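As C-alpha cells, here come the structures.
One chain, chain A, appears in both complexes that follow, with chain B as partner in the first and chain C in the second.
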Partner chain A sequence: MADILLLRRTARTSWYRWAMHTLIFIGFTGLLVFHALDDIISYPFISGYESTLDPWQWLRNLFGGMALAGVCLAVARRLGNRQLKAISRPQDWLLLGIVGGIMLSGFLLEATKIISPNVFDRMTESYFLPEEETDVPALQAYWSARNGVIFSPPASTDADLVAKGEELSANNCNYCHSDTASAFLSRALSTAISPAAQTLNTTHADEYFWYLHIVLALLALALMPYGKFLHPVATPANLAARGGSHTATPPLASAAARKLGLEACTRCGECSLHCSVAPAHAAIGNANILPSEKLVSLRKYADDGLSDHDADAFAEGSRICTECLRCTEICPSGINLQELWLSSKESLKQRELDGPNTTIRQCNALQWAEVLSAQGKSRFEQIKGNGLADKAESFWGCVQCTTCTSVCPVVAVSEAPAKDLDLTPQQIMNLLRMGLKDQTLAARMVWSCTTCYKCQEHCPQNIQVADILFELRQIATERLKERKLTACPLPAATSGRFSDTTRDIQGQGSDSEGGKA
Partner chain B sequence: MRYAYFPGCKIPHHLPEYGDSVRSVCTALGIELVPVEFSCCGWPIRHENAVASTYSAVRNFAVVAQEGLPIMTPCKCCFGNLKHALARMNQDARIAAEVGNLLGKEGLRLPEKVEVFHLLTVLDKDVGAQKLKEHVRTPLSGLHVACHYGCHALRPGNVTEFDDPLAPTVFERILTPTGAAMVDWDLRLECCGHPLRGRDDTISDALMRKKLENAREAGAHVVATGCTYCQMQFEQERNRLGESAEQKQTPKAILFTRLLEAALGLKSLPA
Partner chain C sequence: MNRYDTIYDVMVIGAGFAGMAATLFAAERGLKVAQTGATGGIDFSTGFLDLMAVHPVAEGRYWDSPWDAIDAVIAEHPGHPYARLGKDRIRTAMNDFTSFLQSQKLEYMGHEDRNTPILTPAGTVKRTYRIPRTAWKGTEALRDKAPTLIVDFNGLKGFSGRQIVEMQHKEWPRLKAVRVDFPGSFGELYPEHMAWTLSSPDRCKELADSIAEHAKDVEYIGFPAVLGLNDPVRTVTLLEELTGKHVFEIPTLPPSITGPRLRATFDRGLAPKGVCTFSQKMVLEARRDEDGLFSFLIGVPGDARTVRAKNAILASGRFFGKGLRAERTGVVEPVFGIPVTQPEQRADWHHPHFFDKQGHAINMSGIEVNDSQQPLDAAGKVLHDNLYAAGAIQAHHDWMRMKCGAGIAIATAYRAVEVITEKNGE
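On to the complex of A and B.
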C-alpha cells in the first residue's frame, strides 16, 4: 500500500520525481473524488456540502494547484533532461497537456465566474428576492468590494451601501458561498485577468471555459483505456498483483501478469536514464536498446508482430541488454522488466530472429561470401577505413606456423575442424593475407571463436589474431545490419556449411552433414 | 584501501552470491568498496560494435574520475574489456575520436590516469598472503583446489597486465593461505566456454566438459573461479545440462570468495 499510495518506489530513485508525481496524484485524486464525482460522493456523504463552501472551495484550489504544479515540474523535467527529452513521445506530452489543460481551464472557469456580472445576475435572479430598490446595488457593492466581481459601470464603493450588502449577503448568499478569496488561486487569477473583465463578460467566456474543462475531462476519460492514460489504473493493479515487488510471484497466470506489466508502464523514462547499456544506445542510436523504448516494441511484437526491419531493431536492443536487473529494480511501477526481457529474448531466439550470430549460420560460408562480396564493403567499413583485417601489415608476418591453430581450444575440441569450423585461425590469416576477406566473414571459426586470446598470446609474430576475428564478426554484423539481412537470402545449402572455398584451401574435399548450427 | 566497486551486469540477477561474498570478504579484510552507478563494461557488445564497446567501457572511467578512486571488479571479462578499451583508445585514433566525441556530448572526458584492478590483484597487493593467513580461522585443510584463471584477465598479457599470461600464480598465491592444496592441472589457463554460450552451445559444452574432466583427473575436489561468467558456466549451465554419472564425478565450481569466506570463518563452505 505504501508503494501505491505513497509512491514509495518512486521516492527511491528521485525525490524530484516523487514530489512531481505525488502532487499530481494527490491533487488529481482529490479533485476526482470531491469535485468531479461530487454527485456520487460529496453530496450524499458530506452533510451541507456545497462546492462553493469552504473547506471545499479552497481545497479545490489546493488540489488543483498541486496537480498543476506537478504537471509543470513534469514538463520541466522532460525538457530539462536531454536524454529524457529525446525519448519523450507525443503520448507523454498529450497526457501532461490534458491534465494540465483540465486544471488550467478549471482555474480560468472559476476566475471568469468570480469577476463576471453575468454570473452575479444569474445568481441573484435565481436565489435573491430584493425587498428594497437599493438591495441589488448594495449586494453589488459588497460583492465587488469583497468578492471581486467587476461590474461595468463599476459598482458603488459607498461604505454604507457595502455594509448593507454585507448584511444581505450574510442572509442570502453565505449559506452556499464562502468568500471567493478562499479560492486563493482562482481569485488571484481573476485579479490578473481583470483588465479583460468586460470582454470576458460580454463574450460569456466562462461558458467556453466550462466546455473546455468538460471536453478535456471527457477526453481524458475516453483515452483512459489507451497506453499511458491507463497507467493510473494499471500501475497500482500491477503493484498490488506483485505485492509491490518484482520478485514476488504474481498470483495471476504469468501471461496475464506480463500483460499487466506492459500496460503499467508510465513511460517515466527512469529505467532508461539508469540503463547500464545506455552508452551503447548513445553510440548506435537504436532506441530499442533503452528499456522504456524497447517496451513499446515488445508490446507490438506481442500483439501484432513487427515488420522485418523493426523486428531486427528490437532484436538488437534485446541482444545488447545485459539483464543487469537495474531497470526492474528501479521501475516505480514495479514492472518485472527482467522477466519480460528474458522471455522475449527466448522467443526471438526460437524464431531465429535474435541476430547475426543466428542469421550467419543459416547458410554456409561460401554462400555468405557470395552474398556479402556481391554487395561490396559496407558504409561502416568505408568510413572506418582499413581495419586490422584490411591492412596487409596486420598479418604480413604470418609464416603459417600453425601455432594459433594448435593452441586454439575450439579447434582442440573439434573432432574434424575442417568440417566443424570451415577454417582454422591460421587459414583465416592466410586468406586475409591474400585479400580474401569476404571468404572469411561467415566462417564458423570466426563465429565460434571463444575470444580466449590464446592464439594471439602465443603467436610468435605478434599478430593480433583474436582481435582480427573480433573485427571480422563486427564487419559481418555491420554488413547484415546495413543491408537489412535478417535471414540468409539464399536457400540453405543441402551440402552443409562446408564450402568449396574450404576445400580449395585445404586441398581436400569433405562430405558433410549440413544445416544450421 | 578504497575502491570504486564495479560488479558488472551479471552479478545482481544471475550471480548475487558472488556480490554478497565479495562484499563480505572485503569488509573482513578492510577493503572499502564504494558503490558507483557504473554502466556495462562493454564486453558483451564487443562482438558487434567496437565503438559502442569502447565507449561503454571508457564512460565508466569518466564517471569514476569524479570519485577519484581506482576501479575494482571481481569479473574477469569486465576487467579484460576495461583494459582492452584503454588499449584501443591509445592504439586506434578513429575510435578514440569517436569515443571522445560521445563523451563530450555528455560533458565527460577521459581522465589522464585510470586504474583498474581485478579483486585477486587487490588482495595480492593490498592484503598479501601473510596477512591473509593471519585472518584464516577455519583452514580448508584437505581440500584440493584447481584455480581457473579466466581468459580475459590473463590475455592478451600486454593489454591486461594481470599476471604472467603463460605461467600465472596470483590465484594460487591468494588461495594457498586458506590451507587448501593447490592442484596443478593442464587446462588451468583454458577457456571455460561461456563466451560461446547461446552462440554455439555444442562447443561451449565441450570446452566446459573437457576442463572439468581435466581438473578431476588432476585430483581437484573443486574448481575455484574468479569470474562471473566462468562461475555461471561451470555451475548454472552445467546444472542445466543435467548431470550424467560421469559429470557427477567432476569437481564442482566454487567462487574463490566463497572459499575465502569459509577460511576466514565468515560462512561455512557450501556442501
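On to the complex of A and C.
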C-alpha cells in the first residue's frame, strides 16, 4: 500500500522523481474527484458543494498547480539528462504535453472566464433579477473591482456603486460564488493576461479554452488504454499483483502477470540509466540493449509485430543483457523485468532467434567447417588482417601439455568433453598449429568459453589461449552475419552424436576413448 | 602499506622448486619476501623429491644411497651444485622443506640414507628420495611384489594399467590391471578435474563399488594420482576404508596432479607467513641503483609495475622455466644478462641421437655461482653482492638424467637464504 499510495518506489531512485510523481499524483487525483467527476462524486456526497465555492475553488487551483508543477519537473528531468533525453520518445512527450495542456487550458479557461463580461452577462441574465436601473452597473462595478471582470468600457469605480454591488452580490451571487481571489492561480493569470482582455473577451476566448480543455481531457481518456497513458492504473495494479515489493516472489509468472508488467512501464528510463551494459549501447548503438527500449520491442515481439530486422536487433539486445538484475531492482513500477527477459530469451531461443550461439549448435563442427571454409574470409577478417589464430608465432611454443584443458572450468563441468565440447582448448591449439582454423570455428568449446582466462594465465608457454578462442568466435560470428545465416544450411547430422563425426578431426583416436576394456 | 610501495628484503624470481623453497626459507627466517613467477617445473613434476640417483648418466646407473651418489658425481663434476653445499646442509634443507609440506597436509615419506624404488607411469622403476605419503604404499607393494591391482580409467590418457603390468609381469606376477569408467564421467578425462571429483566421498564410494569385484584377491590397489587435490590423504584413507585394501597413487604423465598439489600447498602455506606473491607475473626488467637497491618491473609488457627489494634470488630455471633463453647465437640469461656457460657452438648442443644415454651438452649449461650462491660474471667475479641464484639455472648438472632436480633446487635455495640471513645479522 505504501508503495502504491505514497509512490514509495519512485523515491528509491531519487527524491526528485518522488516529488514529481507525488505532485502529479495528488494534483490529478484531487482534480478528478473535486472537478472532473464532481457530478458523480462531489455533488451527491458533499452537501453544499459548488465548484465555484471555497474551499473547492481554492483546492482546484492548488491541485492544478501541483500537477502542473509536477509536469514541469518531469519535463526538466527529461531535458536535463542527456541519456534520458536520447531515449525519450514522442509518446513520452505526448503524455507530458497532454497532462500539462489539460492543466494549462484549465487555468486559462478559468482566467478568461474571470475577466469575461460575457460570462458575467450570462450569469446575471440567468440568475439575477434587477429591481432598479443601477443594479446591474452596481454589480458590474463590484465584480470588476473585487473579482477582476474586465468590462468594456470599464465599469464604474464609484465607491457607492461598488458598495451597492457588494450588497447585491452578497444577496444574489455568494451562494454559488466565492471571491475569485481564492482561485489564486487563475486570478493571477487573469491579471497577467488583462492587457489582452479586450481581444480575449470579444473573441470569446473562454469558449475556445473550454473546448481545448475538454478535447484534451477526452483525448487523454481515449489514449488511456495505450502504452504509457495506462501507467497510472497499470503500475499500481502491477505492484498490487506483485505484493508491492520487488523482492517478494511474484505470485505467478503467468502470461497475464507478464502482460500487466509490460503495461506498467512508465517509461521513466531509470532502468536504462542503471543498465550495466549501457556502455555496449554506446558502442553498438542498438537501442534494444537498454531495458526500457527492449521492453518496447518486447511488446511488439509478443504480438508478432517485429520485422525480421527489428527481431534481430531485439535478439541482439537480449543476448547482450547479462541478467544482472539491476533494472528489476531499480524499476519504480516494480516490473519484474528479469523475469520478462528470461522468458523472452527462452522464447527467442525456441524460435532460434537468439543468435550465432544457437545457430552454431544446429550443425556439428565438421559440417560448419565445410560451410564456413567454403565461404572464405569475411570482410571483417580481410579488414582486420591476420589475427592470432592465423599466426604461427601464436602457437609455436605450444608443447601440448594440456595445462589449459586441465584448468578449464568449462571442461571441468563437462561429463564428456569430446561429446559436449567437440574439442578441448589444447586440441584447438593443436589444430591451429596445423593450419586447420576453419575446423575449429564451430567447436562448442569455442562457443562455451567463459573467457575466464585461466588457460591463458596458466599456460607455461604464454600462449594467448583465451584471446584465441575469443577471436575464433568472433570470426565465426562475422562469417555467419555476412551470409545472414540464422540456421545451418546443411541437414543436421543424422547420427546425432557429435563426437562420431568429430573423431577424425581430433586425430587422437586414443585407445582410451570410447569402448570399455 | 601498498604491496608495490614496500621495500622487500628479498625478491624471489621464480615459482618452481627453487623459488618456492627460497621463499619458504626466507619467510621462515623472518625476512620480508616477494615472489614472482608463472607456471613452471613444479607444475609438471611428478611430485617425488629427487635428491641424487643416477651417475654416471651414460651408464644410467641407479644409486641406492643418494649421499654416495653425491660423492660420486662431485668427484667427476667438480662444478656440480652439490659440490659447494656439504651434505649436512643438503639434509637440513630437505628436512625443512618436507616438514613445511607436512604441516600443510602434504606429507612426504622416505628413508634417511637411501633412495626408495617406485613405479613410474611408464611401468618402469625409478629411485627417489622423498615420496608423497599417498604414493608410499606403492613402494611397499613393489618391494614385496604383493598381489596388487592397478586401476585405470576410460578416457584418461597417458596412464595405462596394462602397460605397467606388461613392463613388470616377469618380476611381479601378482600384478594385474583393470579399466573402469570414472564416476560420473565418460569421454576424455583430465587429472585436475578428476581430483576435484574425488574430493567427494560419494564419488569415492562409486569408485570403490566399481572395482570391488576385481579387487577381491589383492592386498594393494594402485590408482593414477587423481585422488583429491587439497587433502589427498583423506581421499586415500577413505578409499582404504571403502575397499578394505591398501591404496596408493602412481603419478600420471606430466602434467600430473602431483604438481598442482605442490603449488596449491605453497599457495596455502606461504601467504600466512607474510609472503607477498605476485602470482603468474614475470620480471621483465631488473635495475639496481647506486645503493644496491633492486627495482623490478613485473607483469606483462604494457601492464607492468615496479617492486623494490634489497636482495634478489634468481630461481628462474632453465629453458622450460624461461630462466635461460636459447637464441640463434647462443644461450642467454634474460633478466640480469648473466653469462651462461654453454657448448661452444650451437652444433654441439645436442647429441646426434636424441635418446643417447649420455644426454645432451646443452643440458649441462647454466650460470656460474660462488660458494655463497652469487652469480659470477665472465671474469669470475661476483656480479652483484646482493644477487643470488638457486635451482636449475646453475650450470654443471643434468637434473633430468641425474635425478637431482628438487634436491639441487631446495638445497641451493637454502644456501642462498642462509647467506642473506647471515649478512642481515651483521
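To be clear about the criterion, the second predicted complex is superposed on the first by the 356 of 517 C-alpha atoms of A that agree within 3 Å, B and C clash if a C-alpha of one lies under 4 Å from a C-alpha of the other, contacts with A are read in each partner's own complex, and residues count from 1 in each chain.
Assume a contact is a pair of C-beta atoms (placed from the backbone, for glycine too) under 8 Å apart; a residue touches a chain by one contact, two chains touch by 3 or more.
Since the structure is predicted, the reported quantities are computational estimates derived from the model, not experimental observations.
J.: Quick check on the superposed pair: does A:R473 touch chain B, chain C, both, or neither? Answer first, second, both or neither.
T.: A:R473 sits against chain B, while chain C stays out of touch.
J.: With the two complexes superposed on chain A, say which partner A:E457 touches: chain B (first), chain C (second), both, or neither.
T.: Both partners.
J.: Which of the two partners, first being chain B and second being chain C, lies in contact with A:A282: first, second, both, or neither?
T.: After superposition on chain A, A:A282 lies in contact with chain B alone.
J.: Which partner chains sit in contact with A:V411 here, chain B, chain C, both or neither? Use first/second/both/neither.
T.: A:V411: touches chain C, not chain B.
J.: Regarding the shared-chain residue A:A181, is it in contact with chain B (first), chain C (second), both, or neither?
T.: A:A181 sits against neither chain B nor chain C.
J.: In this superposition, which partner touches a larger number of chain A residues, chain B or chain C?
T.: Tallying touched residues of chain A, the top partner is B.
J.: So, A:K419: does it touch chain B (first), chain C (second), both, or neither?
T.: The second partner, chain C, only.
J.: Is A:T403 in contact with chain B, with chain C, with both, or with neither (first, second, both, neither)?
T.: second
J.: Using the superposition described at the top, list the residues of chain A that contact chain B and also contact chain C.
T.: 412, 414, 457, 517
J.: Going by the contact rule at the top, pick out the chain B residues touching chain A in the complex.
T.: 9-10, 12-14, 37-40, 42, 44-53, 55-56, 59, 94, 98, 102, 105-106, 151-152, 154-157, 165-166, 189-191, 193, 195-196, 198-200, 202-203, 206-207, 210
J.: Going by the contact rule at the top, pick out the chain A residues touching chain C in the complex.
T.: For this pair, the touching residues of chain A are 401-403, 405-407, 411-412, 414-420, 424, 457-460, 462, 499, 510, 512-514, 516-517.
J.: Over in the complex, which chain A residues touch chain B? Could you list them?
T.: Within the complex, chain A touches chain B at residues 274-280, 282-284, 319-320, 322-326, 329, 338, 349, 355-357, 384-385, 409-410, 412-414, 444, 447-448, 450-454, 456-457, 464, 466, 470-471, 473-474, 477-478, 517.
J.: Quick one: in the complex, what on chain C touches chain A?
T.: Listed in rising order, the residues of chain C that touch chain A are 38-40, 43-44, 153-157, 160, 162, 178-179, 181, 184-188, 190-193, 196, 254-255, 260, 280, 320.
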